[in-house]
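Each chain gets a letter, A, B, C and D, in the order it is written, and its residues are counted from 1.
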Amino acid sequence: MADKTKTRKASSRPTAAAAPPTPATPPASIIRITREPLDSDAIRALEQAVTTAGAGGIVTFAGVVRDNARGKRVRSLEYDAYPEMAESEMARIAAEVARRWPEGALAMAHRIGPLAIGECSVVVVAACPHRAEAFEACRYAIDTLKASVPIWKKEFYEDGEEWVEG
Amino acid sequence: MADKTKTRKASSRPTAAAAPPTPATPPASIIRITREPLDSDAIRALEQAVTTAGAGGIVTFAGVVRDNARGKRVRSLEYDAYPEMAESEMARIAAEVARRWPEGALAMAHRIGPLAIGECSVVVVAACPHRAEAFEACRYAIDTLKASVPIWKKEFYEDGEEWVEG
Amino acid sequence: MQVRIRYYAALREAAGATEEALDLPDGATVAQARALLAERQPALAALLPACAAAINRGYAPADAPLSEGAELVFIPPLGGG
Amino acid sequence: MQVRIRYYAALREAAGATEEALDLPDGATVAQARALLAERQPALAALLPACAAAINRGYAPADAPLSEGAELVFIPPLGGG
(Lines give C-alpha, C1' and ligand atoms only; values in the text may rest on other atoms or scores of the structure.)
Protein backbone atom coordinates (compact mmCIF):
# COMPACT_ATOMS: atom_id res chain seq x y z
CA MET A 1 0.00 0.00 0.00
CA ALA A 2 2.96 2.29 0.63
CA ASP A 3 3.52 3.21 -2.99
CA LYS A 4 -0.14 4.06 -3.55
CA THR A 5 0.72 7.66 -2.81
CA LYS A 6 3.61 7.84 -5.23
CA THR A 7 3.16 9.87 -8.36
CA ARG A 8 2.58 7.52 -11.20
CA LYS A 9 4.15 8.43 -14.52
CA ALA A 10 2.27 8.03 -17.76
CA SER A 11 3.45 4.72 -19.04
CA SER A 12 2.83 2.09 -21.61
CA ARG A 13 2.84 -0.64 -19.00
CA PRO A 14 -0.34 -2.62 -18.74
CA THR A 15 -2.63 -1.39 -15.98
CA ALA A 16 -2.35 -4.57 -13.96
CA ALA A 17 1.42 -4.30 -13.70
CA ALA A 18 1.25 -0.70 -12.53
CA ALA A 19 -1.38 -1.41 -9.88
CA PRO A 20 -0.41 -1.08 -6.24
CA PRO A 21 0.07 -4.23 -4.16
CA THR A 22 -3.08 -6.21 -3.54
CA PRO A 23 -5.05 -4.67 -0.71
CA ALA A 24 -4.59 -6.49 2.58
CA THR A 25 -8.33 -7.04 3.05
CA PRO A 26 -8.59 -10.75 3.73
CA PRO A 27 -11.54 -12.89 2.72
CA ALA A 28 -14.29 -13.48 5.28
CA SER A 29 -13.65 -16.23 7.80
CA ILE A 30 -14.84 -19.73 7.01
CA ILE A 31 -16.62 -21.71 9.71
CA ARG A 32 -17.99 -25.17 9.18
CA ILE A 33 -19.47 -28.06 11.16
CA THR A 34 -19.74 -30.96 8.75
CA ARG A 35 -20.44 -34.68 8.47
CA GLU A 36 -18.35 -34.87 5.30
CA PRO A 37 -14.73 -36.08 5.41
CA LEU A 38 -12.05 -33.44 5.92
CA ASP A 39 -9.80 -35.08 3.38
CA SER A 40 -6.89 -33.66 1.41
CA ASP A 41 -9.17 -31.98 -1.08
CA ALA A 42 -11.29 -30.38 1.63
CA ILE A 43 -8.23 -29.10 3.48
CA ARG A 44 -6.73 -27.74 0.28
CA ALA A 45 -9.98 -25.95 -0.53
CA LEU A 46 -9.97 -24.27 2.90
CA GLU A 47 -6.36 -23.20 2.44
CA GLN A 48 -7.04 -21.75 -0.97
CA ALA A 49 -10.15 -19.97 0.24
CA VAL A 50 -8.20 -17.95 2.83
CA THR A 51 -5.07 -17.30 0.80
CA THR A 52 -4.75 -13.85 -0.76
CA ALA A 53 -1.86 -12.38 -2.71
CA GLY A 54 -0.72 -10.63 0.46
CA ALA A 55 -0.49 -13.84 2.52
CA GLY A 56 3.12 -14.86 3.03
CA GLY A 57 2.61 -17.50 5.70
CA ILE A 58 -0.07 -20.15 5.89
CA VAL A 59 -0.28 -22.37 8.95
CA THR A 60 -2.60 -25.36 8.86
CA PHE A 61 -3.44 -27.46 11.88
CA ALA A 62 -5.03 -30.83 11.24
CA GLY A 63 -6.24 -32.91 14.15
CA VAL A 64 -6.16 -36.60 13.30
CA VAL A 65 -7.82 -39.52 15.07
CA ARG A 66 -5.09 -41.45 16.88
CA ASP A 67 -5.15 -45.18 17.44
CA ASN A 68 -4.51 -44.78 21.15
CA ALA A 69 -5.46 -42.52 24.03
CA ARG A 70 -4.53 -42.70 27.69
CA GLY A 71 -2.90 -46.07 27.05
CA LYS A 72 -6.01 -47.58 25.50
CA ARG A 73 -6.27 -48.82 21.97
CA VAL A 74 -8.93 -46.74 20.21
CA ARG A 75 -10.86 -48.39 17.39
CA SER A 76 -12.89 -45.41 16.23
CA LEU A 77 -14.45 -42.14 17.38
CA GLU A 78 -17.72 -40.33 17.24
CA TYR A 79 -18.08 -36.57 17.53
CA ASP A 80 -21.28 -34.84 18.54
CA ALA A 81 -21.94 -31.11 18.46
CA TYR A 82 -24.53 -28.56 19.50
CA PRO A 83 -24.30 -27.18 16.00
CA GLU A 84 -25.93 -23.76 16.27
CA MET A 85 -23.89 -22.84 19.34
CA ALA A 86 -20.73 -24.46 17.95
CA GLU A 87 -20.96 -22.23 14.92
CA SER A 88 -21.64 -19.12 16.97
CA GLU A 89 -18.67 -19.90 19.25
CA MET A 90 -16.49 -20.46 16.19
CA ALA A 91 -17.70 -17.13 14.80
CA ARG A 92 -16.68 -15.53 18.08
CA ILE A 93 -13.18 -17.01 17.69
CA ALA A 94 -12.99 -15.78 14.10
CA ALA A 95 -14.03 -12.30 15.21
CA GLU A 96 -11.31 -12.24 17.86
CA VAL A 97 -8.74 -13.43 15.31
CA ALA A 98 -9.86 -10.67 12.94
CA ARG A 99 -9.47 -8.14 15.75
CA ARG A 100 -6.01 -9.33 16.82
CA TRP A 101 -4.63 -10.11 13.35
CA PRO A 102 -6.59 -7.77 11.06
CA GLU A 103 -4.58 -8.72 8.00
CA GLY A 104 -5.12 -12.43 8.62
CA ALA A 105 -7.75 -14.80 7.33
CA LEU A 106 -9.05 -17.87 9.12
CA ALA A 107 -10.82 -21.09 8.21
CA MET A 108 -12.10 -23.54 10.82
CA ALA A 109 -13.88 -26.81 10.09
CA HIS A 110 -14.86 -29.58 12.49
CA ARG A 111 -16.23 -32.90 11.42
CA ILE A 112 -18.92 -34.67 13.44
CA GLY A 113 -20.38 -38.17 13.33
CA PRO A 114 -18.34 -41.39 13.20
CA LEU A 115 -14.62 -41.13 12.35
CA ALA A 116 -12.06 -43.84 11.65
CA ILE A 117 -8.45 -43.89 12.85
CA GLY A 118 -6.31 -41.60 10.71
CA GLU A 119 -9.20 -39.42 9.62
CA CYS A 120 -9.12 -35.71 10.24
CA SER A 121 -11.50 -34.33 12.87
CA VAL A 122 -10.62 -30.66 12.76
CA VAL A 123 -8.78 -28.25 10.49
CA VAL A 124 -7.73 -24.69 11.24
CA VAL A 125 -6.00 -22.59 8.60
CA ALA A 126 -4.56 -19.15 9.28
CA ALA A 127 -3.13 -17.11 6.41
CA CYS A 128 -1.29 -13.92 7.33
CA PRO A 129 1.27 -11.58 5.79
CA HIS A 130 4.02 -13.03 8.02
CA ARG A 131 4.62 -16.39 9.60
CA ALA A 132 4.67 -15.39 13.26
CA GLU A 133 1.13 -14.06 13.02
CA ALA A 134 -0.04 -17.13 11.14
CA PHE A 135 1.34 -19.47 13.82
CA GLU A 136 -0.15 -17.38 16.61
CA ALA A 137 -3.56 -17.01 14.99
CA CYS A 138 -3.79 -20.72 14.17
CA ARG A 139 -2.72 -21.73 17.66
CA TYR A 140 -5.11 -19.29 19.29
CA ALA A 141 -8.00 -20.56 17.18
CA ILE A 142 -7.50 -24.28 17.84
CA ASP A 143 -6.78 -23.76 21.54
CA THR A 144 -9.90 -21.65 21.94
CA LEU A 145 -11.98 -24.03 19.86
CA LYS A 146 -11.07 -26.86 22.19
CA ALA A 147 -11.86 -24.75 25.25
CA SER A 148 -15.16 -23.21 24.21
CA VAL A 149 -16.87 -24.84 21.23
CA PRO A 150 -19.59 -27.34 22.25
CA ILE A 151 -18.33 -30.48 20.54
CA TRP A 152 -17.93 -33.84 22.23
CA LYS A 153 -15.93 -36.96 21.51
CA LYS A 154 -16.76 -40.59 22.19
CA GLU A 155 -14.00 -43.15 22.00
CA PHE A 156 -14.75 -46.74 21.07
CA TYR A 157 -12.37 -49.36 22.49
CA GLU A 158 -12.04 -53.11 22.17
CA ASP A 159 -14.30 -53.52 25.14
CA GLY A 160 -16.38 -50.43 25.58
CA GLU A 161 -16.96 -46.80 24.78
CA GLU A 162 -16.75 -43.53 26.62
CA TRP A 163 -17.38 -39.79 26.15
CA VAL A 164 -14.04 -38.22 26.92
CA GLU A 165 -12.82 -34.74 27.65
CA GLY A 166 -10.09 -33.00 25.70
CA MET B 1 2.08 -48.90 24.92
CA ALA B 2 0.70 -48.92 28.46
CA ASP B 3 -1.39 -52.05 28.02
CA LYS B 4 1.53 -54.06 26.68
CA THR B 5 2.17 -55.28 30.21
CA LYS B 6 -1.38 -56.31 30.90
CA THR B 7 -2.13 -60.00 31.06
CA ARG B 8 -3.78 -60.92 27.83
CA LYS B 9 -6.58 -63.46 28.06
CA ALA B 10 -6.90 -66.23 25.53
CA SER B 11 -9.35 -64.83 23.06
CA SER B 12 -10.88 -65.40 19.69
CA ARG B 13 -10.12 -61.83 18.65
CA PRO B 14 -7.99 -61.53 15.58
CA THR B 15 -4.33 -60.86 16.35
CA ALA B 16 -4.34 -57.44 14.74
CA ALA B 17 -7.14 -56.19 16.95
CA ALA B 18 -5.38 -57.37 20.11
CA ALA B 19 -2.07 -55.73 19.20
CA PRO B 20 -0.84 -52.85 21.34
CA PRO B 21 -1.07 -49.32 19.97
CA THR B 22 1.20 -48.53 17.07
CA PRO B 23 4.75 -47.90 18.31
CA ALA B 24 5.64 -44.24 18.53
CA THR B 25 8.65 -44.63 16.25
CA PRO B 26 8.14 -41.94 13.64
CA PRO B 27 9.34 -42.15 10.06
CA ALA B 28 12.74 -40.67 9.23
CA SER B 29 12.80 -36.94 8.59
CA ILE B 30 12.36 -35.68 5.06
CA ILE B 31 14.68 -32.97 3.76
CA ARG B 32 14.54 -31.58 0.29
CA ILE B 33 15.97 -28.78 -1.82
CA THR B 34 14.10 -28.85 -5.09
CA ARG B 35 13.49 -26.97 -8.32
CA GLU B 36 10.07 -28.59 -8.68
CA PRO B 37 6.91 -26.75 -7.59
CA LEU B 38 5.77 -27.25 -4.00
CA ASP B 39 2.16 -27.48 -5.09
CA SER B 40 -0.83 -28.99 -3.29
CA ASP B 41 0.12 -32.50 -4.29
CA ALA B 42 3.71 -32.10 -3.12
CA ILE B 43 2.61 -30.66 0.22
CA ARG B 44 0.07 -33.44 0.70
CA ALA B 45 2.72 -36.05 -0.05
CA LEU B 46 5.02 -34.56 2.61
CA GLU B 47 2.19 -34.55 5.13
CA GLN B 48 1.31 -38.14 4.43
CA ALA B 49 4.94 -39.23 4.58
CA VAL B 50 5.33 -38.02 8.17
CA THR B 51 1.92 -39.04 9.48
CA THR B 52 1.79 -42.23 11.54
CA ALA B 53 -1.15 -43.79 13.35
CA GLY B 54 0.12 -42.20 16.57
CA ALA B 55 0.14 -38.66 15.18
CA GLY B 56 -2.74 -36.63 16.58
CA GLY B 57 -1.66 -33.18 15.46
CA ILE B 58 -0.15 -32.13 12.16
CA VAL B 59 1.03 -28.58 11.68
CA THR B 60 2.01 -27.43 8.20
CA PHE B 61 3.71 -24.16 7.49
CA ALA B 62 3.72 -22.99 3.88
CA GLY B 63 5.66 -19.89 2.90
CA VAL B 64 4.12 -18.22 -0.11
CA VAL B 65 5.58 -15.59 -2.42
CA ARG B 66 3.83 -12.30 -1.64
CA ASP B 67 3.15 -9.62 -4.19
CA ASN B 68 4.73 -6.97 -2.01
CA ALA B 69 7.63 -6.50 0.36
CA ARG B 70 8.78 -3.41 2.24
CA GLY B 71 6.21 -1.37 0.35
CA LYS B 72 7.46 -2.45 -3.05
CA ARG B 73 5.46 -4.38 -5.57
CA VAL B 74 7.23 -7.68 -6.19
CA ARG B 75 6.83 -9.28 -9.61
CA SER B 76 8.65 -12.53 -8.98
CA LEU B 77 11.39 -14.13 -6.91
CA GLU B 78 14.44 -16.25 -7.38
CA TYR B 79 15.92 -18.46 -4.68
CA ASP B 80 19.50 -19.68 -4.69
CA ALA B 81 21.02 -22.24 -2.33
CA TYR B 82 24.34 -23.77 -1.40
CA PRO B 83 22.65 -27.13 -1.73
CA GLU B 84 25.04 -29.49 0.05
CA MET B 85 25.31 -27.24 3.08
CA ALA B 86 21.61 -26.37 2.99
CA GLU B 87 20.78 -30.05 3.25
CA SER B 88 23.27 -30.64 6.03
CA GLU B 89 21.91 -27.65 8.00
CA MET B 90 18.37 -28.94 7.46
CA ALA B 91 19.51 -32.36 8.70
CA ARG B 92 20.88 -30.64 11.79
CA ILE B 93 17.47 -29.04 12.39
CA ALA B 94 15.76 -32.39 11.92
CA ALA B 95 18.14 -34.01 14.39
CA GLU B 96 17.39 -31.34 16.99
CA VAL B 97 13.65 -31.76 16.41
CA ALA B 98 14.04 -35.53 16.87
CA ARG B 99 15.93 -34.92 20.11
CA ARG B 100 13.41 -32.44 21.52
CA TRP B 101 10.25 -34.11 20.24
CA PRO B 102 11.23 -37.78 19.95
CA GLU B 103 7.73 -38.90 19.04
CA GLY B 104 7.47 -36.30 16.30
CA ALA B 105 8.25 -36.51 12.60
CA LEU B 106 9.38 -33.65 10.41
CA ALA B 107 9.42 -32.84 6.70
CA MET B 108 11.15 -29.76 5.29
CA ALA B 109 11.28 -28.79 1.65
CA HIS B 110 12.58 -25.59 0.07
CA ARG B 111 12.18 -24.71 -3.53
CA ILE B 112 14.93 -22.88 -5.44
CA GLY B 113 15.07 -21.22 -8.84
CA PRO B 114 12.50 -18.75 -10.18
CA LEU B 115 9.14 -18.51 -8.38
CA ALA B 116 5.98 -16.63 -9.27
CA ILE B 117 3.70 -14.70 -6.90
CA GLY B 118 1.48 -17.09 -4.96
CA GLU B 119 3.81 -20.05 -5.35
CA CYS B 120 5.10 -21.86 -2.31
CA SER B 121 8.79 -21.42 -1.48
CA VAL B 122 9.04 -23.54 1.66
CA VAL B 123 7.01 -26.18 3.46
CA VAL B 124 7.57 -27.51 6.96
CA VAL B 125 5.36 -30.28 8.33
CA ALA B 126 5.53 -31.51 11.92
CA ALA B 127 3.43 -34.49 12.99
CA CYS B 128 3.32 -35.28 16.70
CA PRO B 129 1.09 -37.12 19.14
CA HIS B 130 -0.31 -33.83 20.47
CA ARG B 131 -0.88 -30.44 18.98
CA ALA B 132 1.32 -28.34 21.26
CA GLU B 133 4.39 -30.33 20.24
CA ALA B 134 3.45 -30.14 16.57
CA PHE B 135 3.14 -26.35 16.72
CA GLU B 136 6.40 -25.99 18.61
CA ALA B 137 8.37 -28.34 16.39
CA CYS B 138 7.09 -26.72 13.20
CA ARG B 139 7.81 -23.24 14.48
CA TYR B 140 11.26 -24.20 15.69
CA ALA B 141 12.10 -25.78 12.33
CA ILE B 142 11.03 -22.86 10.14
CA ASP B 143 12.56 -20.25 12.44
CA THR B 144 15.86 -22.14 12.51
CA LEU B 145 15.75 -22.79 8.78
CA LYS B 146 15.48 -19.06 8.13
CA ALA B 147 18.33 -18.34 10.54
CA SER B 148 20.83 -20.98 9.48
CA VAL B 149 20.16 -22.64 6.13
CA PRO B 150 22.19 -21.10 3.27
CA ILE B 151 19.42 -20.06 0.92
CA TRP B 152 19.07 -16.64 -0.63
CA LYS B 153 16.23 -14.68 -2.16
CA LYS B 154 16.26 -12.18 -4.98
CA GLU B 155 13.24 -9.97 -5.49
CA PHE B 156 12.35 -8.66 -8.93
CA TYR B 157 10.47 -5.35 -9.02
CA GLU B 158 8.99 -3.20 -11.72
CA ASP B 159 12.26 -1.37 -12.02
CA GLY B 160 15.04 -3.52 -10.66
CA GLU B 161 16.08 -6.52 -8.60
CA GLU B 162 17.79 -7.12 -5.30
CA TRP B 163 19.08 -9.94 -3.10
CA VAL B 164 17.24 -9.42 0.17
CA GLU B 165 17.62 -10.67 3.67
CA GLY B 166 14.85 -12.41 5.60
CA MET C 1 -42.98 -20.87 32.28
CA GLN C 2 -41.58 -23.51 30.00
CA VAL C 3 -38.05 -23.89 28.61
CA ARG C 4 -36.75 -26.21 25.92
CA ILE C 5 -33.91 -28.45 27.01
CA ARG C 6 -31.72 -30.04 24.35
CA TYR C 7 -29.42 -32.95 25.14
CA TYR C 8 -26.07 -33.78 23.59
CA ALA C 9 -23.39 -36.42 23.95
CA ALA C 10 -23.37 -38.21 27.32
CA LEU C 11 -26.49 -36.33 28.48
CA ARG C 12 -28.41 -37.36 25.39
CA GLU C 13 -27.57 -40.99 25.98
CA ALA C 14 -28.38 -40.77 29.69
CA ALA C 15 -31.64 -38.94 29.09
CA GLY C 16 -32.59 -41.25 26.24
CA ALA C 17 -33.88 -38.19 24.41
CA THR C 18 -32.61 -35.32 22.33
CA GLU C 19 -34.82 -32.72 23.95
CA GLU C 20 -37.68 -32.10 26.34
CA ALA C 21 -39.84 -29.28 27.64
CA LEU C 22 -39.35 -28.35 31.29
CA ASP C 23 -41.86 -26.38 33.37
CA LEU C 24 -40.28 -24.01 35.83
CA PRO C 25 -41.48 -21.23 38.10
CA ASP C 26 -41.24 -17.77 36.53
CA GLY C 27 -37.76 -16.32 36.94
CA ALA C 28 -36.11 -19.66 37.70
CA THR C 29 -32.35 -19.73 37.24
CA VAL C 30 -30.02 -22.17 35.53
CA ALA C 31 -29.15 -23.59 38.95
CA GLN C 32 -32.81 -24.24 39.73
CA ALA C 33 -33.37 -25.93 36.40
CA ARG C 34 -30.31 -28.09 36.97
CA ALA C 35 -31.51 -29.15 40.42
CA LEU C 36 -34.99 -29.97 39.15
CA LEU C 37 -33.62 -32.05 36.26
CA ALA C 38 -31.27 -34.00 38.52
CA GLU C 39 -34.18 -34.76 40.85
CA ARG C 40 -36.54 -35.88 38.08
CA GLN C 41 -33.97 -37.81 36.06
CA PRO C 42 -31.57 -39.69 38.31
CA ALA C 43 -29.63 -40.82 35.22
CA LEU C 44 -28.57 -37.21 34.70
CA ALA C 45 -27.75 -36.49 38.32
CA ALA C 46 -24.21 -37.85 38.13
CA LEU C 47 -23.40 -35.96 34.93
CA LEU C 48 -24.92 -32.53 35.56
CA PRO C 49 -22.45 -31.26 38.19
CA ALA C 50 -19.61 -31.34 35.64
CA CYS C 51 -21.63 -29.48 33.01
CA ALA C 52 -21.57 -25.85 32.00
CA ALA C 53 -24.82 -24.31 30.80
CA ALA C 54 -25.92 -22.32 27.78
CA ILE C 55 -29.04 -20.22 27.35
CA ASN C 56 -30.09 -19.47 23.77
CA ARG C 57 -26.71 -20.69 22.45
CA GLY C 58 -24.46 -18.68 24.72
CA TYR C 59 -22.72 -19.72 27.93
CA ALA C 60 -24.61 -18.65 31.04
CA PRO C 61 -23.67 -18.65 34.74
CA ALA C 62 -25.59 -20.65 37.35
CA ASP C 63 -27.51 -17.61 38.56
CA ALA C 64 -28.67 -16.53 35.10
CA PRO C 65 -32.47 -16.29 34.94
CA LEU C 66 -34.41 -18.24 32.34
CA SER C 67 -37.33 -16.90 30.39
CA GLU C 68 -40.34 -18.39 28.64
CA GLY C 69 -39.31 -20.38 25.56
CA ALA C 70 -35.57 -20.20 26.28
CA GLU C 71 -33.34 -22.94 24.91
CA LEU C 72 -31.32 -24.40 27.77
CA VAL C 73 -28.45 -26.79 27.13
CA PHE C 74 -26.17 -28.37 29.70
CA ILE C 75 -22.69 -28.70 28.26
CA PRO C 76 -20.66 -31.74 29.35
CA PRO C 77 -16.86 -31.44 29.38
CA LEU C 78 -15.80 -30.59 25.83
CA GLY C 79 -14.03 -33.01 23.52
CA GLY C 80 -13.67 -31.12 20.26
CA GLY C 81 -10.43 -30.83 18.38
CA MET D 1 48.00 -24.37 -0.20
CA GLN D 2 44.96 -24.00 -2.35
CA VAL D 3 41.30 -23.78 -1.34
CA ARG D 4 38.18 -23.94 -3.47
CA ILE D 5 35.87 -20.96 -3.17
CA ARG D 6 32.28 -21.31 -4.29
CA TYR D 7 30.05 -18.29 -4.87
CA TYR D 8 26.33 -17.98 -4.35
CA ALA D 9 23.65 -15.33 -4.75
CA ALA D 10 24.96 -11.74 -4.62
CA LEU D 11 28.58 -12.92 -4.42
CA ARG D 12 28.17 -15.11 -7.49
CA GLU D 13 26.83 -12.18 -9.47
CA ALA D 14 29.51 -9.81 -8.19
CA ALA D 15 32.31 -12.32 -8.83
CA GLY D 16 30.92 -13.25 -12.23
CA ALA D 17 31.82 -16.85 -11.42
CA THR D 18 30.46 -19.79 -9.49
CA GLU D 19 33.81 -20.82 -8.07
CA GLU D 20 37.54 -20.26 -8.13
CA ALA D 21 40.73 -21.66 -6.67
CA LEU D 22 42.55 -19.44 -4.20
CA ASP D 23 46.21 -19.85 -3.21
CA LEU D 24 46.90 -19.06 0.42
CA PRO D 25 49.84 -19.45 2.77
CA ASP D 26 49.71 -22.66 4.78
CA GLY D 27 47.59 -22.29 7.90
CA ALA D 28 45.78 -19.19 6.63
CA THR D 29 42.49 -18.42 8.36
CA VAL D 30 39.04 -17.51 7.09
CA ALA D 31 39.81 -13.88 7.93
CA GLN D 32 42.98 -13.93 5.84
CA ALA D 33 41.17 -15.49 2.90
CA ARG D 34 38.44 -12.87 3.17
CA ALA D 35 40.97 -10.02 3.19
CA LEU D 36 42.83 -11.43 0.20
CA LEU D 37 39.64 -11.89 -1.80
CA ALA D 38 38.45 -8.36 -1.05
CA GLU D 39 41.80 -7.00 -2.19
CA ARG D 40 41.88 -9.00 -5.41
CA GLN D 41 38.21 -8.57 -6.31
CA PRO D 42 36.98 -5.07 -5.52
CA ALA D 43 33.48 -6.10 -6.59
CA LEU D 44 33.33 -8.42 -3.58
CA ALA D 45 34.82 -5.97 -1.11
CA ALA D 46 31.53 -4.26 -0.31
CA LEU D 47 29.69 -7.56 0.18
CA LEU D 48 32.16 -9.64 2.17
CA PRO D 49 31.95 -7.79 5.51
CA ALA D 50 28.28 -8.83 5.91
CA CYS D 51 29.00 -12.47 5.09
CA ALA D 52 29.39 -15.44 7.39
CA ALA D 53 31.77 -18.19 6.30
CA ALA D 54 31.57 -21.95 5.93
CA ILE D 55 34.42 -24.44 5.63
CA ASN D 56 33.53 -27.79 4.14
CA ARG D 57 29.81 -27.06 4.48
CA GLY D 58 29.76 -26.02 8.11
CA TYR D 59 29.80 -22.53 9.61
CA ALA D 60 33.29 -21.46 10.71
CA PRO D 61 34.51 -18.47 12.74
CA ALA D 62 36.91 -15.86 11.34
CA ASP D 63 39.92 -17.39 13.06
CA ALA D 64 39.29 -20.93 11.80
CA PRO D 65 42.31 -22.26 9.88
CA LEU D 66 41.93 -23.52 6.34
CA SER D 67 43.57 -26.60 4.95
CA GLU D 68 44.61 -27.80 1.52
CA GLY D 69 41.60 -28.55 -0.67
CA ALA D 70 39.08 -27.08 1.72
CA GLU D 71 35.80 -25.76 0.32
CA LEU D 72 35.32 -22.19 1.51
CA VAL D 73 32.04 -20.38 1.02
CA PHE D 74 31.16 -16.87 2.12
CA ILE D 75 27.51 -16.75 3.12
CA PRO D 76 25.65 -13.49 2.43
CA PRO D 77 22.71 -12.60 4.69
CA LEU D 78 20.18 -15.40 4.39
CA GLY D 79 16.86 -15.11 2.60
CA GLY D 80 15.35 -18.58 2.82
CA GLY D 81 11.81 -19.24 3.97
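Criterion: a contact is a pair of C-beta atoms (placed from the backbone, for glycine too) under 8 Å apart; a residue touches a chain by one contact, two chains touch by 3 or more.
Quantities reported herein were computed from a predicted structural model and do not represent experimental measurements.
Considering every other chain in turn, none proves to be in contact with both chain B and chain D. Our note on geometry: chain C versus chain D, Cα centroid distance of 72 Å, whole angstroms.
The distance from the centre of chain A to the centre of chain B, with each centre set as the mean of the Cα atoms, comes to 18 Å.
Taking each chain's centre as the average of its CA atoms, chain B and chain C sit 45 Å apart. Chain geometry summary: the mean Cα position of chain A and that of chain C are 30 Å apart. In chain C, the positions touching at least two other chains are 81.
In chain B, the residues touching two or more other chains are 63, 131, 142. Inter-chain contacts, as defined above, occur between A-B, A-C, B-D. Partner chain A is touched in their complex by these residues of chain B: 1-3, 13, 17-22, 40, 44, 47, 51, 53-68, 71-73, 75, 117-118, 129, 131, 134-135, 138-139, 142, 158.
Those residues of chain C that touch chain A in the shared complex are 6, 8-10, 12-13, 54, 57-59, 73, 75-81.
Against chain C, in their complex, chain A makes its touches with residues 63, 79-82, 84-86, 88, 110, 121-122, 142, 145-154, 163-166.
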